[in-house]
Amino acid sequence: MTPRVKEILSWYESDNPGVRTNLARMLNHGTLAGTGRFVILPVDQGFEHGPARSFAPNPPGYDPHYHFQLAIDAGCNAYAAPLGFIEAGAATFAGEVPLILKLNSHESLLSDKDPISVQTGSVNDALRLGCCAIGYTIYPGSNLAGEMYEQIRDLAEEAKAAGLAVVIWSYPRGSSLSKDGETAMDVAAYAAQIAAQLGAHIIKVKLPTAHIEQDAARKVYEKEKVPIGTLTERVRHVVEAAFGGRRIVIFSGGAKTGDAELLVQVRAIRDGGGFGSIMGRNSFQRPKDDAVKLLHSIMEIYKG
Amino acid sequence: MTPRVKEILSWYESDNPGVRTNLARMLNHGTLAGTGRFVILPVDQGFEHGPARSFAPNPPGYDPHYHFQLAIDAGCNAYAAPLGFIEAGAATFAGEVPLILKLNSHESLLSDKDPISVQTGSVNDALRLGCCAIGYTIYPGSNLAGEMYEQIRDLAEEAKAAGLAVVIWSYPRGSSLSKDGETAMDVAAYAAQIAAQLGAHIIKVKLPTAHIEQDAARKVYEKEKVPIGTLTERVRHVVEAAFGGRRIVIFSGGAKTGDAELLVQVRAIRDGGGFGSIMGRNSFQRPKDDAVKLLHSIMEIYKG
Amino acid sequence: MTPRVKEILSWYESDNPGVRTNLARMLNHGTLAGTGRFVILPVDQGFEHGPARSFAPNPPGYDPHYHFQLAIDAGCNAYAAPLGFIEAGAATFAGEVPLILKLNSHESLLSDKDPISVQTGSVNDALRLGCCAIGYTIYPGSNLAGEMYEQIRDLAEEAKAAGLAVVIWSYPRGSSLSKDGETAMDVAAYAAQIAAQLGAHIIKVKLPTAHIEQDAARKVYEKEKVPIGTLTERVRHVVEAAFGGRRIVIFSGGAKTGDAELLVQVRAIRDGGGFGSIMGRNSFQRPKDDAVKLLHSIMEIYKG
Amino acid sequence: MTPRVKEILSWYESDNPGVRTNLARMLNHGTLAGTGRFVILPVDQGFEHGPARSFAPNPPGYDPHYHFQLAIDAGCNAYAAPLGFIEAGAATFAGEVPLILKLNSHESLLSDKDPISVQTGSVNDALRLGCCAIGYTIYPGSNLAGEMYEQIRDLAEEAKAAGLAVVIWSYPRGSSLSKDGETAMDVAAYAAQIAAQLGAHIIKVKLPTAHIEQDAARKVYEKEKVPIGTLTERVRHVVEAAFGGRRIVIFSGGAKTGDAELLVQVRAIRDGGGFGSIMGRNSFQRPKDDAVKLLHSIMEIYKG
Amino acid sequence: MTPRVKEILSWYESDNPGVRTNLARMLNHGTLAGTGRFVILPVDQGFEHGPARSFAPNPPGYDPHYHFQLAIDAGCNAYAAPLGFIEAGAATFAGEVPLILKLNSHESLLSDKDPISVQTGSVNDALRLGCCAIGYTIYPGSNLAGEMYEQIRDLAEEAKAAGLAVVIWSYPRGSSLSKDGETAMDVAAYAAQIAAQLGAHIIKVKLPTAHIEQDAARKVYEKEKVPIGTLTERVRHVVEAAFGGRRIVIFSGGAKTGDAELLVQVRAIRDGGGFGSIMGRNSFQRPKDDAVKLLHSIMEIYKG
């Protein structure tokens, strides 16, 4: 147990030892064990985007066992997926990689301006499947955001009592936001804050741009000269927005992108004090050997 | 217990022996016992389309006993119906054919662009009626899909804990989809994926056309050259979309059609790795002898 | 236990000793202990307005521990915040300052004319975190106000049974009100009355202007010559509106303002019989030493 | 918040902030606030011994308000009593002294060699009455001890979840023990250990004699030369037996005794590292002024 | 994940992935990780025998943190203790060693010929404290054994549904057995069988002697020439009695004994196919360095 892991666990001071144990299990697993950094493999795109868009680029990914093995081979801290994918491999790979059960899902067959992600798993499922944490997506800015806030509140209270950690994917989206606004600096920081106030132990947000969406926020950023010019600065600001660094914040890689750019992003996350990456499509949409190699490159950066 | 059945049961690795036992009951019943293939008789059209549209073409079908006897005579793996039909025969035919209790229903008196199918049976009903499985319909693409996902999640958790298998009818429909989109290739594959992620043991979808509904999907199908030109290829793609073949996927015959065409479809299902057919109107809307003969022809193909 | 505190407690005659004990804890804590006056530090702006707008002016405020320490150093009667902020410090500062758990929150990413604040904490959370009270915001005048009234009714019943006090933030807002109407004299008094009728032990409203929003009300104010010309008179009227002075009513400072004006307001609250101030942005958006000094000036006025 | 109180709270590392807050309330109340020492006034003798035996020596004690006022006047850390006594004064004295609701009681009308103390209050009662803790008596050595262990286990789980502290009176008694055995060194240490293992936050035992009851224990005390010759040494051994000093152990004064002897005992408790005294009959069976004077003398010793 | 661990996990085929994950956590922790062998540190003697008999020989053991650290330093697979001991260290050592919460306890103040061990912890406690398993003691042969069987049945059902493993201490004792009978060959094998039939995942029994207690059993042992002459043979027979080797059976060291004899016993356990040792008094009743050294010697034997 490294001093850094002990320090991180100390932030969750109102949580029972069960929650801390499950956080420790993720912090102490895989290539980054003990560093306080994370690389998590999430595979919820089958539900979110459909199977062909998710897996046709690398067809072995249709098989749920593939992703368990990828997370293990790459030395990820954890593997996150919805009920079906977890059920399809949890016994075969029991004890080999910490699991996060995504408890809600959204399908992209709907053309919904104000999306809602609905419950597709339970805390009992997470316990019976041996998971360390529940995962949940919120859409700040959606007119239906309130329904998700109330649902994760219920689920988080139940999960914490049972010793499970709570991971919130905070993705601004909805009719109140412009397309650029979804990854705007002020909105990303706000999204991290909301997840933290909802009681998340681990917060996942997208990397922000320098765009400012809200006028009321722009005035403050300008007046207080909040440094957000570089990606590193923007990561630092998001981490600050999540309780001054007292909550684990990890960043998504987003759509598949060039590897060079990806590594640049990872260095910015590291230098800005981010806690790591959650890397789906950039991992499982390429041959496994390539994916493991890329993930190892990323982990090397976080270790550095 | 054939090796194939053992293999299929092994996919349901997170399920308790009760669920596996009920899956085995269906896999080992009737003409196709032990082959890993299914022909299921579903009779939910009375509720879904109204009685005359369903049973006037072959009036003995008004009598619920008729369908039990048909499923038995034809050697189907299972018989699926809503509460009333099952209650009306479950004692007389106890132990003669595996039963699937359809837990939700939709009536066609409504002109609803975004349909929802509502709960009309319970897990307790399934247990007291001696059923092997619960059945449930979802409408991916409906604005009300989320309500159905949350309801089947609840019901599936309860059913699995009680050792019952879960069969999901996944029928894309709703204002976000064009009429052609309901059976589009990308949409059918997506529908299978959603059912699998919701934790279904057996997934029922419609045979897809070569149409692609979503632009984002079309790009991938084209770029990755996913073969979907023939019905066999399309079946193979749907099966792949259901966890790389690790879930039982069966196909509906849809509206009554010519027998020759039907048998062509069945051969495509077989050759594409589909697990079988669920055959309602093509079975019970003709005289029983004809129906039994047709079903035997279909089963012969699956055995081949 | 001063006679004034005893008198105040006597107003809550239908409440069990647990509720009175928790009211007494707040009345007897900090610099104003025993005076029957309150200065409460609320920090819910991170969720309500976003992190940068809230904390960039004084960046140590990103850290949840900062606010606990500020409330302690300034001798506030209580510290109020949403779940995440309370969880992040409740163990470190256990027993050092009475806590109010804000049970609902609203985000300003939404452009909602009829806002609703959704539940983000529970009575169980308040108990496990050692809080003296739950806090809840209502928006009288919003078309969705009824949902909030029903929710706080449920929560207040549960809280009172468990011995927790109930604090209601009553903020008129919604499509039925003009912008000026939100702080109009008649509306502010009405907001206080609604909170009191909902069973609040402590009511928080904004300082009212002399504007009258509703015609039906204006007629009465004019006919009865209700004195509302000065801020002191308006405070007196609001306190009167909250059960003739039998409920604790405190006033918010609102947006950051000049200190001189603030102290003028505090004197008006004191002279009008108001019970104190809830002071967020004017406290935590300046350096801590300044904040403590300002809060002490305010407390001196209340003591005077 | 003194460093000593912070240290003591740190021992209860698996407890939620609510429990720590209530422990802090007792540790920070009264004359001994902040010292880490306790003097608690318990008045359960009315139920345990009957009213005349309890209150005839000082008849004002028949009135439940008397004991609240005595605890307040003497500056005790807390006042402990059964349901009726607490109900009879909790509103009048709300917020003036931390309360411990004794949840079980035993009457001395029974001539039971193997006594059991039965539940006469609930966790809900403790919450509605504004108590900081529940109290519970166990009789290790009674053939019915197991029933009490199971009941306090249930109640402690419920109390801890609601943020209440748990105080266990551990009084060895029963047909397996000799009269001398009830206060024997080995038995007293064992009683403290059992209460600690049951999850008590505060443990109350009787001052032990140098007698050893069990042969198996005597061998160890002799072989390991455990120092138990003086009362100070025996107190130290009991404290060690309660998790090496990581649990608060307080000692009862027992039957009314001479004041000089009492103060000698208190000095021994202080010097042996005991956390304080729980003093019933020696407090309330004399005129209040005398009682307050005596309790202040005792508190002076603990402060020294 | 070694083949041996995979093989062991495969025996628990009716258990959900959560149970298998928690078994894997113990099988893959510490010096013996991956070998399929166990050395567990149990410290329930404080409750069972009293504190001085347990900890006076090595007084640092009064402190609950000592035993967590000992289990960690020695590389034990798990640490088992009752509620109080686990609560006192579970947060400090979160994630550092798998924990088994002993859910029932028996005190030796009672002179009970037919002992019963009563519930002193819950499945919820095990979850909130981050434990991998619950532990429970049964006394086959006690007239009160049935009460324990019914209680562990309830608790095991609840634990398994929540993904926790179940460890049963099976200690024959009671008025129907002679003193020699408690460790008799037939009785030990019977005790292992009962625990296995009750659904235990891990079974703990005492090393048996060659004595046969029951006449009906003796006839069979003699007729069938069951080899039980050596300790190795007797271990083999007990393992066989626990479902032909399909359940993990570990053996207790019993009272503190000479190290040479202990190592002889360990070799017999290893050679007889036993899965390991649970070693309490021989571990914590000596200085920590000695204990770690001894435990490492034992682990070396199991690795050999």
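Per-chain numbering from 1; labels A, B, C, D and E assigned in written order.
Assume contacts are C-beta pairs under 8 Å (C-beta built on N, C-alpha and C of every residue); 3 or more make two chains touch, one makes a residue touch a chain.
This one's a predicted model, so the numbers in the text were calculated from it and none came from an experiment.
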When each step joins two chains that touch, the fewest steps from chain C to chain E total 2
Same residues or different residues: which describes how chain C and chain D meet, taking over half shared numbers as same? same
For the sequence-identical pair chain A and chain D, determine the rotation angle of the Cα superposition and round it to the nearest 5 degrees. 180
Using the touch rule from the top, work out which pair, D-E or B-E, shares more C-beta pairs. D-E
Half is the threshold here, strictly exceeded: which of A-D, C-D or A-C has more than half of its contact pairs identical to A-B by residue number? A-C
Would you kindly tell me how far, in whole Å, the mean C-alpha position of chain E lies from that of chain A? 40
Would you kindly tell me how far, in whole Å, the mean C-alpha position of chain E lies from that of chain D? 35
Measure off the straight-line distance from the CA centroid of chain B to the CA centroid of chain E, and report it in whole Å. 49
Which residues belonging to chain A are in contact with no fewer than two other chains? 13-14, 16-17, 90-91, 124, 128-129, 161
Would you identify the shape of the chain contact graph, picking one of line, ring, star, complete or other? other
Pairs of chains found to touch, sorted by chain label: A-B, A-C, A-D, A-E, B-E, C-D, D-E
For the complex, give me every residue of chain D touching chain E. 11, 13-15, 140-141, 143, 145-147, 149-150, 153, 157, 172, 174, 176-177, 186-187, 189-190, 192-194, 196-200, 214, 216-217, 220-221, 223-224, 226, 237, 240-241, 243-247
Using the touch definition from the top, list the residues of chain A that touch chain E in their complex. 1, 5, 9, 16-25, 27-28, 90-91, 94-96, 124, 127-131, 161-163
Which residues, counting only chain B, touch chain E once they are in their complex? 13-14, 16-17, 161
Given the complex, residues on chain E that touch chain D span 46-47, 49-53, 56-57, 59-60, 62-66, 82-92, 105, 107-112, 116, 118-122, 124-125, 128-129
